[in-house]
Amino acid sequence: DTPTSGGDIIVTYKDDIATLDPAVGYDWQNWSMINALFSRLVDYKPGTTELGPSFADSYDVSDDGKIYTFKLHPGVKFTNGREVIAADVKWSIERAVNPKTQGPGAGFFHSIVGADKMTAGTADTMDGITAVDEHTVKFTLSQPDATFLNVLALNFASVVPKEAVEAANGDFGKHPVGSGAFTLKEWTIGQRLVFQKNPDYFIKERPHVDSFTVEVGQEPLVALLRLQKGEVDIAGDGIPPAKYLEMKKSPEFEGMIVDRQQLETSYVTLNTQVKPFDNAKVRQAVNMAINKDRIVRIINGRATPASQVLPPLMPGYDQSYKGYAYDPEKAKALLAEAGLKDGFSTQIYTSNTDPQPRITQAIQQDLAAIGVKAEIKAVANPNVIAAGGTQGQAPMVWSGGLGWIADFPDPSDFYGPILGCGSAVAGGWNWSWYCNKEIDARGQAADAMPVPAKAEERNKAWAQIFTDIQTNDAPWIPVFNERRVVAKSKRMGGPDEIYIDPTRVIDYEAIYVNK
Amino acid sequence: MRVLRELIRRPSALFGLIVVAIVLLAALFAPWIVHFSPDNQLTDGLSLEGAPLPPSGEHLFGTDTLGRDLFSRVLFGARTSLIIGLVANGVAVAIGLLVGLLAGYLRGTVGNLLMRFTDLMMAFPALLLAIALAALLKPSLWIVAMVIALVNWVQVARIVYTETRGLVERDFIVAERSLGAGNGRIIFLHILPHLMPTAIVWGTLGIATTVLLEATLSFLGIGVQPPQPSWGNIIFESQSYFQDAPWLVFIPGAIILATALSFNLIGDALRDILDPTQRGRL
Amino acid sequence: MPDGSGQEQDAVLTVDNLSVDALTPEGARRVIDDISFALAPGETLCIAGESGSGKSVTALSIMRLLPRTSLRIAGGDIRLERQSLPRLSERAMRDVRGGEIAMIFQEPMTSLNPVHSIGAQLTEAIRTHQGAEGASVENRARAMLDVVQINDPARRMKQYPHELSGGMRQRVMIAMALSCRPKVLLADEPTTALDVTVQAQILKLMRELKREFGTAIILITHDMGVVAEMADRVAVMRDGRIVEAGPVLDIFERPQADYTRELLAAVPRLGAFAATDAPPRITASAPPPVPNGATPVLAVKNLVVDYGASSSLFSRRASEAPAVQDVSFDIMPGQTLGLVGESGSGKSTTGKAVLGLVPFTGSVTIGGKAIQGLSAAAMRPVRRAAQMIFQDPYASLDPRMTVGAAIAEPLAIHSIGTKSERRERVASLLGRVGLAADHASRYPHEFSGGQRQRICIARALALEPKLIVADESVAALDVSVRARVLDLMLELQETLGLSYLFISHDMAVVERMSHNVAVMRAGRIVEAGPRRAVLSSPHEAYTRELIAAVPIPDPRIANLHK
Amino acid sequence: MTVFLARRLVQAVLILLGVAAITFLLLYYLPADPAVLIAGRSATPQMVAAIRHELGLDQPLVMQFLHYVGSLLHGDLGRSYTQKTEVLPLILARLPATLLLMAAGIVVEVALGLTFGIISAVWRGGFVDRSIMMLSFVGVSSPQFVVALLLLYVFAATLGWFPMSGFGTARHVVLPALTLGVLGAGWYARMVRSAMIEVLRQDYVRTAHAKGLSGRRVVLSHALPNALLPIIAMVGIDIGQFMSGVVVVEAVYGWPGIGQLAWQAIQQVDVPIIMGVTLVSALAIVLGNLLADFVAPFVDPRIRSQ
């Protein structure tokens, strides 16, 4: 079936949309909307993890992998009518890195020359980005970075018109102007946002729908009811656990449920700096204690048990690696070897939204079976994050609800921010406080391998890194890889992967209405 | 003794007494009554797809979303919830009575300060207090009981304040003062008894609301933590299942209702028995 | 011997073998036992009798307003003309109430709705039964207030019950009952709270009503003077029965029942004690009451009480007319000051101020101690020495406390005696005011008005204080009990050297009790001095008026007034 | 009266300051660090520090508070951390919806509560009374989320009488207001009943009967006003109670009020929004109580003359 053009659709979310500023927005609701409002030099092909040019017609990478030069597509226009030029690219990325913007994306651009000065607040521009001419922009990196193209495909690298940002006077997030597939037509705070097709979008035939309206503040259970009555086209929050089985079984919902893998792993971090988890044997023992199949059953089979850090869709995933099999007897033996025959008491932090406390209770019961008494601390997300990021505080953290969904489909994204030494700091996200200098060095080496020339080799290197980490040090208990579930009305067309896009969540550019 | 006899004579109060007795006994003897540990996530407690099981001979009240026996959870939950509903709520009503009464009776600077403090507490969002306490303190049943007491006394104080203001104008209070009665005596012997109807209404209606409030607070991390059951958190955990697994919501709900109602029946009867102007006909 | 005077056929109201039970946890107790009487149009039946004998209950039974939870008609019939009231529908009864039978309740203090203005309550009655609307109703209401001699009716209409004195509230009640010119008027002690001049006015009003509209009146009173002045026929009640009934002259001149005789014998007459300076001695051996040069028990200087004054952080403002203005007087140990004056003149207010129960300015010294600004603790010994008997006995008793506990209350407050000693004390106090010891376990609402008053007296006496402020404290008592209580008060004065501030509008009683008399009007003392001087040769016209208005308990003389 | 008003206003301002101070203090001591949350997962400690500096969070508590109060006096509630926009317009945009919902909720609960409470008191002890009291208990004991969804399933999804979600027309208000009101109605019914029973046995009620007034008039015009005092106090209090109730109700019915805003802000430790909502709701509560104090004298003249 080929996409047809036209149609207005309604999407619902529970939470309000925080901002549409591409330098700031970083949650899975606004991610896809920002993606649709703005454009970037490079982008992924819809529904895939394949990178390709976007408003850059072509790009060049120097042999040492340190210089990237992009040729911009001429005639790409912001929706305020002005053409996008190279200086806009420079200004936009600098803006995303500038601490004054208070954006969460600054760290991604660390490899560009001058980024460190910018983030430290000692410089206002970055030497590593130059607008060679109106349609050429050049990036100079301080070291080779295999993920750099992925970084440029992130929302944070979107181009924004300086004059519009300044005109918005600090409120650009509510008055976004971009060069993407859609424009924001109306925003009624707390009620709805209306996105309208950008007729001047530089990719012809896209987007397909004339407009999409995002209604916020919609309770997921109610959204499903409305979906059933045809008032809603996409229930953005998916299907709450309470309704999942019923809908899955009901013929009425046939064809309305999209259920797909994403780049996600849910895990328990084991704090390698807290006794007795400072002992690798103990970490391996608890790894064997968890009955992942039963946990998956508790969430109605909406996930697959995980054996390793990387999710199956990620390059570098090691099909052959089996991890630690469920074996309480062996776990007990290992504990005894570690001198903890009688087990021990510890704590496990978890987010307090359903189903996380339930999953944690299942983990708790499994641990109890090998003599580990884990007290559950179910608290709000920010407090989980705070506890995890405080040295010596949280022995175990269940990541569900704050789980690691990759920013881009590259294995390094699963290392640096959550397992590398650089993030084992106060306020960091390495809640295992795992720091292995040798592995760190291997990771840096892998990231310096040029892509795509050595992509295969690089993936192998990463695969080895992750299996080594898990085999030797076991700082995590990878529990499962959760699938995403979205409910859509029957009139919505297109393959599943554009509703659960690995990099965009919902690909508003690609979805269409069946005629 | 006379009071108890009169209570038993009233059918509704007797009914209340019986229900309360059953609930108390069940809470007390829970370990000897149930077949399953309340925390045991039974392997066969969920369907293959992971759905909870409806009530059956094996599981009287069915199982919850983790495959635990709901009957034993409800029984063990009674311990938590009774403490919340009776102690926390009782303390809240007591504090409210005391503050409202003092403020209404004393007037002047002290009364004014008390009332402004009450206003401050009332204007201050309870939820925020709860969240902050959750972050700062170790969650436990007693903490949540304390928070509920801290949060709930305010309304009682307000109402009692208004009533007391009316009472102190009455002649018999003036008469009492003329006899030389101290403030303590007037407050406790002459004003307090007149506030009993209000106290009973709040005390008994508060049972259900505080039991539910406990669940909210536990959810925010200051109350009992999983897997410890309470009536409130059994409902709260599964309230979105009210269609697909109604027993998870409506059974504990009905039990909360029955308990609160029973206490109320007793309270109403007590009020009538203790109120001399109502003596005479039943 | 009910008086079946043979006029049953054309009677407006007939009561036939009425019995009423009080419901108690111990079972039913009969409070009205088989009474019968009939009332002809235009006739006035006075029901006199002992306090607690069932007078009020009879009236309430006729109105069908017995408290549902505690009293119930056990038998008999009540007929308004041909209609049997107990069998009427509630709807039909509504038209009877207020329209055909109106009632003035015994307790004026609590019988007016505190949240409605006087005007609203008055006009409502008129509107309900007359169907009139608008300004004419207002005018009627104002006129009624005028009739019951409430000054400044236009302002009073806008006031609320708590802003009125006891007597004024009583008059509002009367105005309300009279406003619809009912066929039958039930007046339960309508003038007890009133000073004699107003009483005279009200009685005159009732007579006019009777003459003009043929209103039949049941007048419940224990004031034999009023009976003599008003009654065509009299029924004397005791213990729930009518012990004697008959035309007024017969009763006064040829009383049959012992109780009636007792009653008549106890009637005080103004001028009976005109020959002596001090009240009559009860015990011969009593010491002379006033030791020379003693300090006064109570000294009041320039007392001002202003209810309207508001003192706040930001402003201080005085109202135009304080309730009490510049009042000064002394009371010596063992002496009584009788305070008389028209209703609303500030008597109760003075009494309350003297005990520091309302804010005042000026100086009040009790037992040599200035009470202004005293802390609660410092005030305690003063409180023990000075007690008050409140004008409204019902309102001044805690409804949730048994009468026994209420009387023991002052003892408990001042930690006197053990529990059992207190119990004995309560029993003896109850006995002394003419109540039974087993009344101690009952609650205030189970008593009649007079009984409640006696309870309050007992409570005030419990501490054997040095000074008692007695505010209309025998007003609701029937003469025999009243005589007993007054004797008791005098006896205590002699044996204990008690002093009284005796507030009353009953001149005969004041004469009997007082050493000195002060006359109040509009918040000021207009005349004061030794009793004999004030009562026999008053200087002020107002005082003379007061004395002249006292009803004389002799139907032959009284008939001259009619 | 003006003096009274002025004094209460001064007190109100003090209370608001107190609320601001306590809230500020509590939020300050929360373990969650807004800078960490804003900086995101890829941030280095320097970036977090830079953002902390940008937010002024590196200053001492007292300075932060003074600065906050300073801008407050200029009507500036600060900027949201997560939304990067002024807080005041965010709140103002949502406030009318919440106020409307609360007003409707109060109307529902007072109307239901008064009606049922009065009926109960008048027919005290009878079948009607018992049923009403039972119902009031059901109302009070029901979790609001479940009530909201049940009403929505029945009246919106199945019967289609009301829209399922949204805001705008009168029909939108009905279900949310009912949900909010049902719980409160139970309370009111009990309070009213209890107060009415007390009043109905007063002497002046007997007087009203003696005037020959109809039962309805006696109850409504003579008894009720005397029982209203505690009820008025309740309404004042309710505004505070509703603040937490609206979170659930707004969420279920997609009602664009500040309850949802507050809930999200709390989840994200968006301090300026939490402070803003707290202050606005505190203001509403203070005003509500002020209003209650203000109305009370009109109902009870005895208070008026004090």
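Just so it is clear, A, B, C and D label the chains in written order, and each chain counts residues from 1 on its own.
Note that contacts are C-beta pairs under 8 Å (C-beta built on N, C-alpha and C of every residue); 3 or more make two chains touch, one makes a residue touch a chain.
It should be emphasised that the depicted structure is a prediction, and the values quoted were computed from it without experimental measurement.
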Closest chain to the centre of mass proxy, which here is the mean CA position: D
More contacts between chains, A-D or C-D: A-D
Where chain C and chain D are represented by their mean Cα positions, the distance between them in whole Å: 50
Chain A-chain D separation of Cα centroids, rounded to whole Å: 38
Separation of mean Cα positions, chain C and chain A [Å, integer]: 87
Gap in Å, rounded to a whole number, between the CA centres of chain D and chain B: 21
Of all residues in chain B, the ones touching two or more other chains: 131, 135, 169, 240, 243, 277
Per-residue multi-chain contacts in chain C, two or more chains: 69, 162
Residues within chain D bordering two or more other chains: 30-32, 149, 153, 201, 266, 300, 302
Contacting residues of chain A [partner chain B, same complex]: 221, 240-243, 245-246, 294, 297-301, 352, 354-355, 357-358, 360-362, 364-365, 375-380, 383
Chain C contact footprint on chain B (complex, rising order): 169-172, 174-183, 185, 189-190, 193-194, 275-281
Residues of chain C defined as touching chain B within the complex: 22-25, 68-70, 109, 162, 352, 355, 357, 376, 379-380, 382-384, 387-388, 390, 392, 395-402, 409-410, 413-414, 443, 445, 456, 459, 463
Residues on chain C engaged by chain D in the complex (per definition of touch): 63, 65, 67, 69, 90, 94-99, 102-103, 105, 107, 110-117, 124-125, 128-129, 160, 162-163, 173, 176, 307, 312-315
Chain A-touching residues of chain B, taken from the complex the two chains share: 39-41, 43, 46, 48-51, 65-67, 131, 134-135, 139, 219-221, 225-227, 237-238, 240-241, 243-245
